[in-house]
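Take this structure first; my questions come after.
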C-alpha cells in the first residue's frame, strides 16, 4: 500500500515537532509545509530540502498529491482550515483544542462523515506510556470505583496571545480525564482570574461534577514559580499519582483506601479508618507520544476506522471548555451539560494503540 | 508576677500536646486537667502526678485557682465550654475552629470583652517559623501585589467523626491566608463530595474572591494517597512556595514574574513574557509553634492585650467556613460576604511574637 | 514471670530515648537512673518521680533490685562500665559501638558467657521496619547475588567531643551491612580528613572488600550541607534503594539489572545490556525501632537466649571500625582481616523480631 | 574573517550532537563527516545533503578545505587520529578523555605546539551554566577554603565495550574538580569491581588527596538502579550542592559551616558547633554546554589562543585516570603524583566564556 502523503500547516514550535515525527514515520511522506512566515519555511527547506514549501493554503488544498493535512496553527483558525481541508477531500489532524466551540466541532464531524475522511484531534497525552498504563489500570477494575480526579498543571508559562490558560492548558487534562474515566459529566463550574492587565485569564480552577459522587477538579496556572504536572486518581480500591515531572516513575499506584467497620462498642455505628499498603510504579512504555499519535492518524486512514482521539473525543473536550468559559464569565455559576450520548462506538481502544507499537 | 494557672480541657491527641507545652512554659502552671475518659486522666496522673484531674467541667470552673482554660474538645462543644468559662471569669484558649458559627463567635467575643478576659483561638500555623517568615516577606513589599494564594492540604487522614474535611483541615489554611493577606474577601464558593457512605465530605475545593483580582483557592482532601501540604503565594514581584513536608527548606522565594513590554513590531501591542531569577530559601526560626502559641496566650493575659489569634481572627475564619459550608450545600453557589471591618486594631503583630522569642 | 528491673546509665540525648522506651515497655521496670549531671537527674525526677536517681554507678551495681543496666555514656567508658556490670551479675545493653577495640569486646563476650548474662549492643537500625524488610528481601533470594552495598550518611552534624565521624556514624551502616549481607569481609581501607583544626576526622570514606567481587563502601560526613541517608544494595536480580530521609517510602525495590546476550553478529562475543522493570515500595512495619530493640533485650533475658544484636554482632562491627581507623592512620592502606568464624549460631533471626511485634 | 571549516570524525551518539552544534554555529562550516558505518553516513546525507561524507580518514586529512577535525571515536583511537590530524596541519578537538595515557597527551601537546595548532578536549561540563556559576562562586572566595569535593555519578548505564566505568564516567567529574579547585593533587587511590563476568570495572571509587587537608572523592557506577549526579563542594564559609538531575535549581549554595568557640566553662577548650543559614539557588545561564564548547574551539582557533579545556586540562585529567587505573589494579594502593606545574598560563578563564555568550 502506498504511503499517506501529508502536508503540515503551521510550522511553529509544535508544528516542527509534528513535522519531524511525520518525516520519520513509516507509512507517511511529508510532501508540503505551509506557513506565513518565510523564515519558518526557510528553516524547513534547509533541513528537509525535498519538501515543497508554500505560504498559500490554497496551494495545499489544490494539490492532488496531498492526502492529509496536519494543522498546527492558532486555535482561532482551526475550524476554518479543517473545514476547507475536509471539503477539499483531505484527511485532517488538528492540534488541540479541535475548534473554538462545540457547534464548530459538530460541523466538522458531520463533514468528515459525509466526505468519508478521517477527522482527528491531537490529544497527545492519550498516547503517552503513562496515560495508557493508567487507562489499563482503571479499565481492569484494580482501582475500583472512581472517587475523584484531581489535576494540577502549573508553571511560569508563556502567556498566549490569543487564548487564556483554560483553552491552552485545559485540553490536556480534560482529554486525559475524559479518556481515563469514560463517563459523561453532569455539570461544570470554573473561576478564572486575569492579572497584571493581561487580556486573558492566566489562572483558572475548574470543577466537573458527575452523577455518582465522582468529581474532577483542575488547577491551571501560567503564573506559578514552579512547574507542577500532577494528577491524582482516587479509587475505592487503589489510588494513582501521575507526576509528569518525574523522569522515570511517572505513575505510582498506592494500595491505600478507606475501610469501614462496625464500631465494637456500638454495633449500629460505622467506624471509618484507612488502609495502607504497598506502592508500585509500573515500568512505562517509552515511545514518544507524538510518534504514536502520528501513527494512529496514518493507521486510521489506512484502516478506514475512527482514530482513538476522533471528532467525538474532540467534541467532548471542547464542550467542556466552552461551558467552563461560560462559567468563568458568569463568576463561577454551575453550568449543566446535555446528557447526550457522546461516545462513538467505533473508537479504537487503548489496546490497539499499545499492541501496534 | 505570679504564674498563670491553667486547666486543660480534653486530653486527646492535641490536648496532650497542649498539656506538654503549657507544662514546660515559664509563666504558666497547669493545675487541672479535665476529660471524660478515665484512661486519659490516668495517663496524665502517671506522667504529671502533681496535676489535679477531674471528669467534671464544673469542678474546673468552680476552682478559684484556675485563671485560664485551654479547650481541646470536639468542635461541637467549643462554644458552650468557652461561654461557661468566660462567664466563670476565666481566660479562654480554644482549639480551632473557635466555634461552629460566626454568630457563636460574636457572642463569645462580646462576652470576653464584657468580662475583660482573653479570648484566643489556636491557629497554630500562625506561630510557625515558616508562616511568620512569609508574613515578613509579604508585609515588606518584596512580594509585590498579591495575585493568588493556592493551598493544597491532602493526605490519607483519619476521617473525623463529627465534622467534615472543610471544618477539620480548612481552618489551618484559611487562618494562614487571613494572616498573610490581611484583606477582606468578597465572596466564597465551595464544592464538597462525600464518598463511600461517609456522613461527611472528605474532599472539598474552596475558592475565595477578593476585590482586586486577588484569588485564593483551597484543596482539602482526607482521601489522598500522598501527603501534600503546599501553598503557593503569587505576587507581582516575587512568588513563594511553602512546602510544609520539606524537612528544612519549607519556604522558597522565587524571583520570578510576568513582564510586559511593547511589541517592537507593533507599538500599540503589549507582549507578555516572563522573568526568571534566583531562588532563595531563608533559614526559619525553629521554635515549636505550639510553644509560641501557648506563650502568646499567657503573654496576652499578663499584658492585658489582644493575642495575635484573637476572637476577631477566629471570627474571620469561622465566617468563611460557614459560608463555604453553605456553598457546598447549594452545590457551589457563590456566597457574598458582608464587607464589615474585621480587623481588630489591637492585634499583636508578627514582630511582637518573633521578637519575644 | 516478674518484670526485668532496669537501670539506665547516662541520661543525655540518647539515654532519655532509651529511658522513655524502657518505661513504656511491658515486661520491664526502670528502677534507677545514673548520671553525673544533677540537672539530668532532676529532669528525670520531675518526669518520673518513682525512679531512684543517683550519680554513683556503685550504687547501681550494689543494688540487688537491678537486673540489667542500659549504658548510654561516652564511648570511652563503655568497656569499663559494661565489665563492672557483668561482674556484678547484671545483664548489659550498651550503646553502639559496643567498645573501643575488638579485644575489649572479646573480653566482654567471654565475661558475659561466664556469668551467664546477656550482652547486647544497641544497633538500632537492625530493628527498623526498613532494614528488617530488606533483610527479608535479601534472604529470600529475590535480590539475587549481592554485587555492592553503598551507603551515604552525611549531614551538618554535631561534631562529637571524644570520637571521630567513623566511630560515631560508622557503626550504624557497618551494622546494617553486616546484618543484611551476612558475609565475612576480607579487607578494609579507609581515608579520613580533619578540617578546621578539629581534633577528629569529620569526613571518612571506607571500602570493605569481600571474597566474591562483592564490595561495600561508606561515605560518612559531619560537614555536609544536606542530610543524606541513602543505601544502595545492588543484586544480580534486583536492586534496593533505602532512603531513610523519605517519610513513607523508605525502601524501593527495582526490577533492574544487567543482561548478557550473545552478539548476533559475532557469536563468540557477549553483549552487555541492562534490564528495566517495575519499581515496588513495600509497606514497612511502623513500630519504633528503639522499642523493638528494648523488647529484644528483655526477651533475650527472659528466654535466656542470645539477642539479635549480640556480642558477636558488636564484635564484627568494632573490628571493622578498628581496622578502618588503622587504615586512616596509615593513609588508606588496605588492612586484611582475620577470616575467623564470626557468626553465632544462636542469634535470633529477623522473623523472630518481626513476628513478636 | 572566513569561517573555520570543520570535519567531524565518528558519527555515533555523541558525534551527532557535535555535528548538530557545529552546523548551527556561526563562524564554522561543517564540510566533511567521516565514519566507517555507511548507515551513519547515509543518515548524515539525508539530513545535511551539502556535507561531504567519507569512510576514509585519509580523505579528510588530505582535504585542504578542512581546517579542523572534531574526533568523536572510541577512546583507543583518540591518540592516533589526533596525532595524524595535527601532523596534517589541522586543529583538533577530541572527545574526552583526550587519550589513553599521560605520555600520549604530552606527545600531542608537544606536536600541537610545534605545528601551531589548537589542541582541545571536550570537557563538556566545564561549559555548563552550573559549573561556570560554581567556578565564579569558588573564585570569588565566597565559599572560603575548600574542604572536600564529593561526586556521585551513577545510573543503570550502558556498559561500554572498550573502557571501564572509570575511563567512561570519570573524566566528567575529574575535569569538573580540576577546573573548580585549580589545585595540584598529591596522591590518588581507587578501587574498582567487575561484576557478572563483564570484562571491565562497572563500579569504581576514587579518592584524590591534596596537600592541605582538601580531599576529593568520586563514586562511579554503571549498575545503579537510580540515576544520581550529585556533587558536594564543602568550603569553610559556604557549601554547594550541585544536582544535575534537577530540572531548574541545579546549584544550591548553603550558608552553613562549622564554628569554633571557646568553651565558657573551660577557656582552654574549643567547642565545635555548626552554623545554619539561608540557602540560595542562583539562576543559571541556560545555553547548551556543547554549543559553548564548540564556540570556544572556533574562538581559540580564530584568536590564536589556548582554549579553556586545552591540552593541559586534558593532561591533568588523563594522568589522574592513569594513576587511578594503576591503583585499581594494585587493589587500592595509594599512588603519588608528580608535583609538576600543570597549569597553562594562557588558559581562557570562565569570564571569557560567559561574557562571550
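Chains here go by letter, A, B, C and D, matching the order in which they are written, and residues are numbered from 1 within each.
In this section, a residue touches a chain if its C-beta (ideal position, glycine included) is under 8 Å from a C-beta of that chain, and two chains touch if they have at least 3 such contacts.
Please read all numbers here as calculations on a predicted model, not as lab measurements.
More contacting C-beta pairs link the chains of B-D than the other of the two pairs B-D and A-D. With respect to chain A, maximal separation of chain centres occurs for C (centres as means of Cα atoms). The geometric centre of chain C is 40 Å away from that of chain D, both derived from CA atoms.
Averaged C-alpha coordinates give centres for chain B and chain D that are 53 Å from one another.
With each centre defined as the average position of its C-alpha atoms, the distance from chain A to chain D rounds to 42 Å.
For chain A, the set of residues that touch two or more other chains comprises 276. Looking at the complex, you find that chain B touches chain A at residues 147-148, 150, 152, 154, 156-159, 189, 191, 193-198, 202-203, 205, 207, 209, 213, 215, 217, 219, 221, 223-226, 232, 234, 236, 239-241, 252, 254, 256, 258, 260, 270, 272-274, 276, 331-334. Interface residues of chain C facing chain A in the complex, by the touch rule stated above, are 249, 255, 276-283.
Within the complex formed with chain A, the chain D residues making contact are 47, 49, 227, 245, 247-248.
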